[in-house]
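Each in structure tokens, the structures are laid out below.
Presented sequentially are two complexes of chain A, the first with chain B as partner and the second with chain C.
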Partner chain A sequence: MSSLARSVPFSFGRLGIVAGNTFLEAVRQKLFNFLLLLAVALVASAQLFREFNFGSSELKFIADFGFGSMVFFGSTLTIAATAQLFFSEIENRTALTLLAKPIWRTEFIFGKLLGVLAVVGVFCALTTGLLLVLLYNRETALMAANPEAFEAGRLIHYGDLVLMGVLQWLKFGVLAAITLLVASFSNTNLYTVVMGFFMLVICHLQYLARDAYSQVSALPLRLLVQGLSYVFPNFQVFNLADQIGIGQGIDPTVFLRVGAYALTYIAVFGGLAVYSFSQREI
Partner chain B sequence: MKFNLARLRPLLTGSLVVAVLAVTGLAVRPLETPAWQWVRAQQPALKLESLQGALGQGLTVGLLGGFRAITADFFWIQTNSVWEDRDLPATQTFIKLVTAIDPRPLYFWLNGSRMIAYDMPNWRIVDAGGYNVVPPATQRRIDEEQATVALRYLQEAFNYHPDAALLHVEVANVYLNRLKDKARAAEAYRRAALRPDGPFYAGRIYGELLRKLGRKAEALAWLKETYANLPKTVDRARGVSAFTVESAMAPLVLERIHELEEELNLADDQRVKP
Partner chain C sequence: MTPPLPRPAIAITGLTKDFALNLRGVKLRAVDNLTLAVPEGQVFGLLGPNGSGKSTTIKIILGLLEPTAGECQVFGVPSGRVDSRLNVGYLPEAPYFYRYLSGTELVRFYGRICGVPKARLAERVREVIDWVGLSAAAHRRVGTYSKGMLQRIGLAQALVHDPRLIILDEPTAGVDPVGSAEISELILKLKTQGKTVLITSHLLAQIEDICDRVAILDRGKLILEGAVPDLVGRQDQQALLVDALPPAELAELQGWLAARGHTLNAVEQPRTRLDQLFLSKVARAPKDGGHS
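Our next item is the complex of A and B:
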């Protein structure tokens, strides 16, 4: 915190201004539009890929494909946008101008985080909405063609689809906070992006380490792996979409737990990013 | 040399970050554990055992998360491609990879096991010189080896589909057609027939196998019990369609019952009246 910043109290207004500017800057970038367009095109084309479906039911396949697109392009967008929006401030020296004014580094970092959250929020809302329309139309067509299969009503729980969209958004929020933590001490955009993807991989696969430690007999190794499983958040808990498309829903208590889990990590990673950024000489 | 504390600052910051994250991990465990257990219960594909075999090749695709279904579908196309080329190691690897990525569709398990049990012995025999060159004992050994692999594969499928009648039928078919083991085949058909979604033919084959095994009284008792429960007329109110009645083949079962009654020389009063 600069001495100027110390002279003013923490302000949500300033934080909101940073977030708003970050959002506008992101929306103006070609990357956001490109990834959004790709994801929307892929979700919309899920029906075309039905020809490749062998195992699962058609609705399940479309739901899986839609969420797959959301996860893939959403993760890419989150990491790339976070790194780019942070380093554009550093490289263009606007961070120097900004932090020379009475503004807390906490406001700067959390403003960036909220801006990225707004960007991925728009992304998730659009792709979830599109998937919802797609599934609803297809299910209606199937119901008309084969009414016996839908005697118990619709198979898709559309409310759960929205919950899944919210959970994906929260997961991207954790990923953005992690990327911001890396960016807070990193010197280059490229390093941040690469580390962001590594973290994404680790967080997706950390459950393997957790499974493995229970089978390891050597105590030091077991403790090490166990410790690592505590350090990285488990991204697989966000994957509740498996029951969508086969007539089963999401347990609301599980949704709330995962939501609280994500918010805790967003706050902790955001706080650590602030701490790390405060140690940094710009 | 003068000790510079500032040099240690990145290390101290890093250690602090790791420590805070570890404490957070511990603190959120009560939130995470029940949610993780729920997710795991819904997603058998996430079990470590299923990934171990495929981790080398499937790592990248596994990471795609939601693309699991379509990734497995594309690998299934690849499986069929190497199957057409009669590439045994590749086919076997892809079959396992597909079910490691997405073990939920029964289709993959059933067709994968058929490739292993029925096609691969043929490839091996042809590669070894053909049916006229390879001695019958060797052919038999190859059949048994591949059947064992297929049965092991189907046993794994039961971890994900414990109630699937068609898996029991597939096991029974391997025992009957590849291992010529009527007793074990009969037992597997019986298990299939006892499942709520068990096909009618599984019960009929079980009765016929008991008959061939010389357990005629047992076969008669089974067929009589089966016959009593078979749908004989269309009843839309109870969901019995013409197709169901046709598949049940009650007249055929009755005919077999009569044949068994003849073979067992039963008295008239002990015989089933149509």
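Our next item is the complex of A and C:
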């Protein structure tokens, strides 16, 4: 009898199959219509920028506006897609059929996460690409209208804009992992979405609390705040927008450090989601 | 003498499952000290009213739930382990599948998850879809399938990796009599292939027809288990089917039996079963494309 039993090692292949199916669900359930709407909105707003013509600072404004839109819509998409793509498995009870197969729950959770990352990756690639096209066109127009301001050539570091897009994608990856952790023990989609937005706000504002409490002399309180600053990732570290655009570039070391920071949090929150989901009775 | 039972595909010993109802520690006992063996190569019916613990037992067998006490082994492997599911196919009650996939994509997806070799996958998918009679609808989205078609595509995904044990939770729930009879036929075919089938159903006539053994649960406890002929057959009586007798000959037969100390307990006109009458009257729809 025991000859029938062979061990089932963790498989990146199965993880990839779950991720692929998650991505396909997003595509076929028309989640990408949201991206199309956003693309149209960005192009439409670019027509408005043509009226400004206030030189190189206009380019900085467009870059900031573009990344601001990416952060706003990307965060919304990440939280909604993670919650939806996870709870569609639970509420439609497809998880029951899937987990009755020889598959680890780790493969299921990280497969879901990877599927969401693929969806958000398409979003980031699309919006970054659109932004590059908008900026390039506008810079070309400004160069023609005002050549002396561009004597040294183009001002925008387009490669850095791509790096910025990658950093935003990694930030959304951390947010997806946090949302998945909430979903792993939550009973409803709504609770997960609300908690996801709470976490987003906390992670964006945690540096304020840390700065404020660093003045506190009481050791226990300071340790508590320091501990919390490790629990909640600081989303401000992903904001390198001030370093891109006009004149400055992104330091590759900083980029790599922020990337490693994001991957660490994705692994930790993903691992916690796996642990929590393994305790869940389907 | 009853022949010895084949070795168990599923061996359950002292299985208990409690569900916490609230934070004050109030618990609901769904399965209560269940001991059961499902012999390999047989069709085994797990019966019981709603809430009797059938689905909980199945979920424990599939490793979806942890037992509170006791143990469950599938082909000798504890059911909590992932490798215990290598040889198991599962059709859930009221099948839930990815509605955005076509039948072929769905079966291929589960085949890949179960590790069906790439070189064999396309052929195997075609094979099982053909086997359940869904070839013509294989490229339609699952969301457009009727109830009967969903059960059949569910059966196809359960069989795609050629498992030795197939667990069918209410496979005929909501399916019309023709579809139900077709599923019974498929189950009997699986038996001829040497598969073990564990089935739950509220259609007791169907269970009686296809099962070798049954177990009846009530409030989580096993109240009856055994071979179907042993359980439903009556050893103290016999039934003789003869051509219709005129009253005089019937009286003569009664007298003959009385002279030998026997009693004619009942004289009845044999009846066909309603499901058999229905199936004989309703023309079967062509298998491909299915029916609701």
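Heads up, the rule we're going with is that the second predicted complex is superposed on the first by the 252 of 282 C-alpha atoms of A that agree within 3 Å, B and C clash if a C-alpha of one lies under 4 Å from a C-alpha of the other, contacts with A are read in each partner's own complex, and residues count from 1 in each chain.
The working rule: contacts are C-beta pairs under 8 Å (C-beta built on N, C-alpha and C of every residue); 3 or more make two chains touch, one makes a residue touch a chain.
Treat the numbers as computed from the prediction; the structure is a model and nothing was measured.
Engineer: Could you check whether chain B and chain C clash or fit when both are placed on chain A?
Structural biologist: Here chain B and chain C can both sit on chain A without a clash.
Engineer: State whether A:Glu25 touches chain B only (first), chain C only (second), both chains, or neither.
Structural biologist: second
Engineer: Consider the C-alpha centres of chain B and chain C from the C-alpha centre of chain A, and write down the angle between them to the nearest 10 degrees.
Structural biologist: The C-alpha centres give an angle of about 160 degrees at chain A.
Engineer: With the two structures laid over each other on chain A, which partner does A:Ile282 touch: chain B (first), chain C (second), both, or neither?
Structural biologist: After superposing on A, A:Ile282 lies in contact with chain C but is clear of chain B.
Engineer: Look at the residues of chain A and decide whether chain B or chain C touches more of them.
Structural biologist: The partner making contact with more of chain A's residues is B.
Engineer: Using the touch definition from the top, say if A:Ala118 reaches chain B (first), chain C (second), both or neither.
Structural biologist: So A:Ala118 meets neither chain B nor chain C here.
Engineer: For A:Asn92, is the partner it touches chain B (first), chain C (second), both, or none of the two (neither)?
Structural biologist: After superposition on chain A, A:Asn92 lies in contact with chain C alone.
Engineer: Classify the contacts of A:Ala100 with the two partner chains as first (chain B alone), second (chain C alone), both, or neither.
Structural biologist: It touches chain C, and chain B stays clear.
Engineer: Contact-wise, after the overlay, does A:Arg14 reach chain B, chain C, both or neither (first, second, both, neither)?
Structural biologist: In the superposed model, A:Arg14 contacts chain C only, not chain B.
Engineer: Compute the least Cα distance separating chain B from chain C in the superposition and give it as a whole number of Å.
Structural biologist: 7
Engineer: Residues of chain B touching chain A in their complex?
Structural biologist: Per the touch definition, chain B meets chain A at residues 9-10, 13, 16-18, 20-22, 24-29, 31-32, 34-36, 38-39, 42-43, 46, 48, 51, 63-70, 72-74, 76-77, 102, 104-108.
Engineer: Using the touch definition up top, name the residues of chain A that touch chain B in the complex.
Structural biologist: That would be residues 49, 52-56, 60-61, 64-72, 181, 185, 201, 204-205, 207-208, 211-212, 227, 229-234, 236-237, 239-243, 251, 253-254, 257-258, 260-261, 264-265, 268, 271-272, 275-276, 279 of chain A.
Engineer: Please output the residues of chain A touching chain C within their complex, sorted ascending.
Structural biologist: For chain A paired with chain C, touching residues are 1-2, 4-8, 13-14, 17-18, 21, 24-25, 28-29, 92-94, 96-104, 281-282.
Engineer: Which residues of chain C touch chain A once you look at their complex with the stated criterion?
Structural biologist: So the residues of chain C touching chain A come out as 7, 19, 59, 62-66, 75-77, 81-88, 90, 92, 95-101, 109-110, 112-115, 154, 157, 164.
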